[in-house]
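In what comes next, chain A is part of two complexes: it sits with chain B in the first one and with chain C in the second one.
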Partner chain A sequence: MHASVGKILVLAVPVLLLLAFLLLGLWERRALGRAAGPSFVARNGAPVAIWLVLMVGFWTIVLIVLPLLHMVDLSFRPKLPPAQVGGPQDLYTLDNYRFFLFGGGFSASGWNDTHIQAFLITILASILITILNLALCYPLAFYMAKVAPEARLRLLMLLLVTPYWVNEILRAFAFRILFGTQGVLNKALLGAGLLTEPIDFIGQNVALYAGLSYAYLLLMVFPLYNAIESLDRNQLEAARDLGAPWWRIHLDIVIPHSRPGIASGTTLVFMLTAGALAAPQVLSGPNTLWFTPIVYDRFYQAFNWPQGAAYAFILLVTCIVFVLGVLRLFRLGLGEMHR
Partner chain B sequence: MSREPFGRLLVGLYLVLFFLWLFGPLAVMAVTAFNVSAYPQIHPFEGFTLDWFARLLADRDVVYGVRQSFWIGLWVVLLSVPTGLAGALVMLQIDRRARGLYYLVVVSPVLTPGVIIGISTVIFWREWTFALDQRWLYQGTVLTVLAQSSFISAYTMLIFLSRLQRFDRTLEEAALDLGASRTRIFFDILLPYLRPAIFTAAVLAFLSSFENYNTTTFAILADKTLTTVLAGRVRQGTTPAISALAVLIILVTVVGALVYELAKRREERARLRRAAVARRAEVAEELAGEPAAGVLRSPA
Partner chain C sequence: MTAAVLLDRVTVRFGAFTAVRAASVEIAAGEFFSFLGPSGCGKTTLLRTISGLVEPSEGRVLIGGRDMAGIGPNRRPTALIFQNLALFPLMSVAENIAYGLKVRGVPRAARRARVEELLELIALPGAADKRIDELSGGQRQRVAIARALAVEPQVLLLDEPLSALDLKLRQHMRNELRSIQRRVGLTFVYITHDQGEALAMSDRIAVMNHGVIEQVGTGRAVYEAPRTPFVASFVGESNALPGRVLATADGLARVATALGPLAGRDPAGLRVGEEAILFVRPECLLLDPPEEAERIEARAGEETYEGSTSHLAFTTADGRRLTLATGRDGGERPAPGTVCTLGWRARDAIVLASRTDPDRGDG
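Let's turn to the complex of A and B:
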């Protein structure tokens, strides 16, 4: 199939989307009849209504939908010199995805080992880091939501937020200082006589995993806090009065109640960890690869944009699958997650 | 849970450890900024110096990056605050059936990895600016502002939504009954009501833009911002000058956070004072007029 067919499809999707919105609107108005109230323009006044439509239209279509569709489109096209783009050779192909699986045909096993391995490690490590963060943050979120007095809560919030305005690169750099072979931790351990030789924390990826866990703690705390905060304190009191031990209170009351918070926290942290670029670039050992830096290199080292687009799309699909999986696990709808 | 002293102790210990983990690395980094040693370390502390700060400010790329990040942040605020507000207003008015789809579209940038937002923006804009021969638009700063705005607008929208949920619709109706136009209501009632949210959204948008790396590193093309300059520096090697930058950023943030907190408290106090004055006036009026009616009405 020639690339121009795709272009038409890509442009058709936003139009269809707009049409769907209009039809849904008309349908609802017809169903409601008189009860529908004034129209959109009448309700906002013409100037404001025009501004709303223009802004939201620009945002959703030009900033969100079209770029994504173009990325997907490009990922199915061959890498061509600029003069041939749109020419007779610009045919849809699965080559970029094939490359992810099988490489350029140079590997002994026939598979693209480095990239597949990096991808799997990224997914697995991200899942583990997400679970670790959930465990680390849950007690704090509960403490903030149900135990801490007002003044201390404000202080804790301030303390929590402050480190996060230091950008990711600098936070990763802090971990390099901490974990380097000549770093603070090694010096301390050597000085205390616990080690005779420095441990290569960075080569062993300890620094990377620690840095990644550190990087997105905050995004786990706040959704959890919000969810637990909305729990009625009386339920806890009642359970306590009935003699439930503390762990049963959490297992049977707090955790089921905070499902939406857990879901949105875990999806956010997973997405950010799997998509992290700064920490892997700064903290990776020489022989490990995180998936995102590979994507980056497809673009700005190999200059193979279609391939980079394919890799990015693989990452995106993984994240979507994870989100859906978590929602399934917690039996939630998408709208229930962010309240 | 924290009723017995043992449980209390455990909770306290956990809190201390948690915040030690949160601040420890930053504190260590901050100390290395003042150590003479060329490798960032705290022990041995070879002597106190401010040289690393001087070295940092002499680094042209860093200074250029700060300036770029600042301008980009400003444009992102100008674009994403009105967009987020529009998004929130549409969310509240859109028909029930379409709301799910709409929500999915506008919240998706929050759930998409930043690198993908950067990549897709660059691909899209390269394609159409080249096709229509509008290459002057294909610039790192322009693309960065657009790419960042696509997800920062979702943040600001969420802020506006939570404030709008507490908006008192009767104010609007009262204004309508008094003959105000819809446009007038928007500017004289809705916008003033949203002022604190606009402020918060602007601050959040600026900071998110300023510290963003993942999206920026793709969208900035050949240009530079602070974070991309930093990434290059950090990959070249470790120098305490980078720690010095972290110290400056932490200082600015802490001062900013304090100012924000104080401003909020002052506004809160002013609000309480106004409320008290209003209540007193009401009471005085009721005492002068009909006491019984006032008593019946007053629990609110």
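Let's turn to the complex of A and C:
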């Protein structure tokens, strides 16, 4: 199929979606009647309604939907010199995805080992980092929400947030300084006589995983905190009064109650970790390839935008699958997550 | 016989604030015992101290003769019913009731049998698989009771569990609670600020004020023979006439009030010259007092009709408001504005020292 239909598709899909939503709204009104009271427009006036629709529409369509659709469109096109774009050779193709799996045909195994491995490591490491984050943040969030007195809570919040005033790249460099062969940690360990020669934390990826774990900690703490905070303290006391030991109270009462927070925290952290760029570029060892720098390289080193788009799309689809999986695991609907 | 619950000079402090001050009380096994007091009087704190959710700063809590110091709420033979019930919204009725058994490792089949039995007791058979939000207020109430009873506590603690219900249901649940208590024969410790509730249900009542237990006794004793001005005015309504003791004789005390010398019972043996308050219940105040009665004059005000009774308001010469309760056929109502003679038999009024006993150390 010729790729010039792509432009039409990119523009047509949002329009069709909008129409679908409009029809859905009309159908709902007919099916449920006007039980919901006067419409939004009637309550707030036409200017407010139009302003809101325009702004939200601009935000979703121009800033999110169109660029993404364009990227998807791009990922199915061949890399061509600008002059030939839209020409007879601009046909839809799966070449870019094929390249991710099989490479340029240079590898001995026939598979694109480097990229596939980087991709799998990225996904696996992101899952582990997400779990680690959850394990770190749950006790902290519980302490903040149910144990800490007001003054200590404010202090804790401040301590948690302040480091994030520093730029992400600077924070990554700080970890490099901390974990470097000549870094603070090695010097301290050597000085204490625990080591005879420095450990290569960066080469072993310790620095990378530590940096990534820290990078999105807040996005785990706050959804968890919010979820646990809304739990009635009497629920905890009732469980305790009925004889439950502390771990049972968490298992039976706190965790089920905070499912939305856990789901929202894990998906946020997973997505951002899997898509992190700064920390991997600064902190990964010479032998490690994180997937996002590869995507970056497709765009700006190989200057192969269609291929970069395909790689990014693969990552995006994987992340969406992860989110849906998490929601399924916690038996939550998409809307419930951010209650 | 050892007391089901023994509080031995229990004091609870939160920082500089003393919530409960040297509370001592002995609750017998199988008794329906109420703590009655206004909000903030420390009664809930005291209940939480019995349950173990709060540790006393001083004093001891004994349950079934065993000192509970250092024993957490999950290992005490008590079960608490919270004011908001605190049912677990993500669990079904059966899971709620069985929760205490589940955490104790009771096998599934035994749990199910016990749940059936309890649902029978609370008259909710077949509700096992319902969600909590499908139940009405009264049904939730009963599930909360069943959940607490499931763990077979020695003492059931109830923290104003009826306060969220409407009047009719509350009266129904009073009887329900009382009958459940009789059937299971447990010790109930009940917290309420509603004196009607306390009087109707309890074997004995402890009246609390500012963290201090002012009086312990049967409902009748607390109502008819209050020992402190607070008890006299909090339990039921009372007309108060403050003054100074003029003379005492034959168990009666004569008080110099703003309306002249007036007499009432003197259970405590007051000293002459002591400041005291004379209390008269609205139902003891009479419109056409007999010759030998204590008499005062007051201007009639509005009538408040309450169905079974009517309350007539009066204002005395020194601006004090009095209430007189009449039955349905209370005779002629005085027209508002007319000055009437009111009175009471000296034996129907009570005179109490205005200051609480110094050895209680209130302040």
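In the analysis below, the second predicted complex is superposed on the first by the 324 of 339 C-alpha atoms of A that agree within 3 Å, B and C clash if a C-alpha of one lies under 4 Å from a C-alpha of the other, contacts with A are read in each partner's own complex, and residues count from 1 in each chain.
Note that a residue touches a chain if its C-beta (ideal position, glycine included) is under 8 Å from a C-beta of that chain, and two chains touch if they have at least 3 such contacts.
Here the structure is a predicted model, which is why all the values come from computation and not from measurement.
Asker: Consider chain A as the common anchor and indicate whether chain B and chain C clash or fit when overlaid.
Answerer: fit
Asker: Check whether chain B or chain C contacts more residues of chain A in the superposed model.
Answerer: It is B that touches the greater number of chain A residues.
Asker: For A:231, using the defined touch cut-off, is the partner it touches chain B, chain C, both, or neither? Pick first, second, both or neither.
Answerer: neither
Asker: After the fit on chain A, how big is the angle at chain A between chain B and chain C, using C-alpha centres and going to the nearest 10 degrees?
Answerer: About 70 degrees between chain B and chain C, seen from chain A.
Asker: Once the shared chain is lined up, is A:167 touching chain B (first), chain C (second), both, or neither of them?
Answerer: first
Asker: Where does A:157 make contact in the superposed view: on chain B (first), on chain C (second), on both, or on neither?
Answerer: Neither: A:157 stays clear of chain B and chain C.
Asker: Going by the contact rule set out at the top, does A:121 touch chain B (first), chain C (second), both, or neither?
Answerer: neither
Asker: If you stack the two complexes on chain A, which partner ends up touching A:134: first (chain B), second (chain C), both, or neither?
Answerer: neither
Asker: Regarding the shared-chain residue A:252, is it in contact with chain B (first), chain C (second), both, or neither?
Answerer: Only chain C is touched by A:252; chain B is not.
Asker: Touch test for A:13: chain B only (first), chain C only (second), both, or neither?
Answerer: In the superposition, A:13 contacts neither chain B nor chain C.
Asker: Aligned on chain A, what is the least Cα gap between chain B and chain C? Give it in whole Å.
Answerer: 9
Asker: On chain A, which stretch or stretches are contacted by chain B in one complex as well as by chain C in the other?
Answerer: No residue of chain A touches both chain B and chain C.
Asker: Which residues, counting only chain C, touch chain A once they are in their complex?
Answerer: For chain C paired with chain A, touching residues are 51-53, 72-75, 78-80, 82-84, 86-88, 90, 99-100, 103-104, 147-148, 151.
Asker: Which residues, counting only chain A, touch chain B once they are in their complex?
Answerer: By the definition above, chain A touches chain B via 17, 20-21, 24-25, 27-29, 40, 42-48, 51-52, 55-56, 58-60, 63-68, 70-71, 74, 82, 136, 139-140, 142-143, 147, 158-163, 165-178, 180, 182-184, 187-188, 191, 214, 217, 246, 249, 267-268, 271-272, 274-278, 281-282, 292, 295-296, 299, 305, 308-309, 312, 315-316, 319, 323, 334-335, 338.
Asker: In their shared complex, at which residues does chain A touch chain C?
Answerer: Against chain C, the touching part of chain A is residues 232, 234-235, 237-245, 248, 252-253, 256-257.
Asker: Under the stated contact criterion, what part of chain B meets chain A in this complex?
Answerer: 1-2, 7, 11, 14-15, 18-19, 21-26, 28-29, 32, 39-43, 82-83, 86-87, 89-90, 93-98, 100-117, 119-121, 123-125, 127, 130, 146-147, 149-150, 153, 158, 181-183, 185-186, 207, 210-214, 217-218, 226-227, 230-231, 234-235, 238, 242-243, 245-246, 249-250, 253-254, 257, 261
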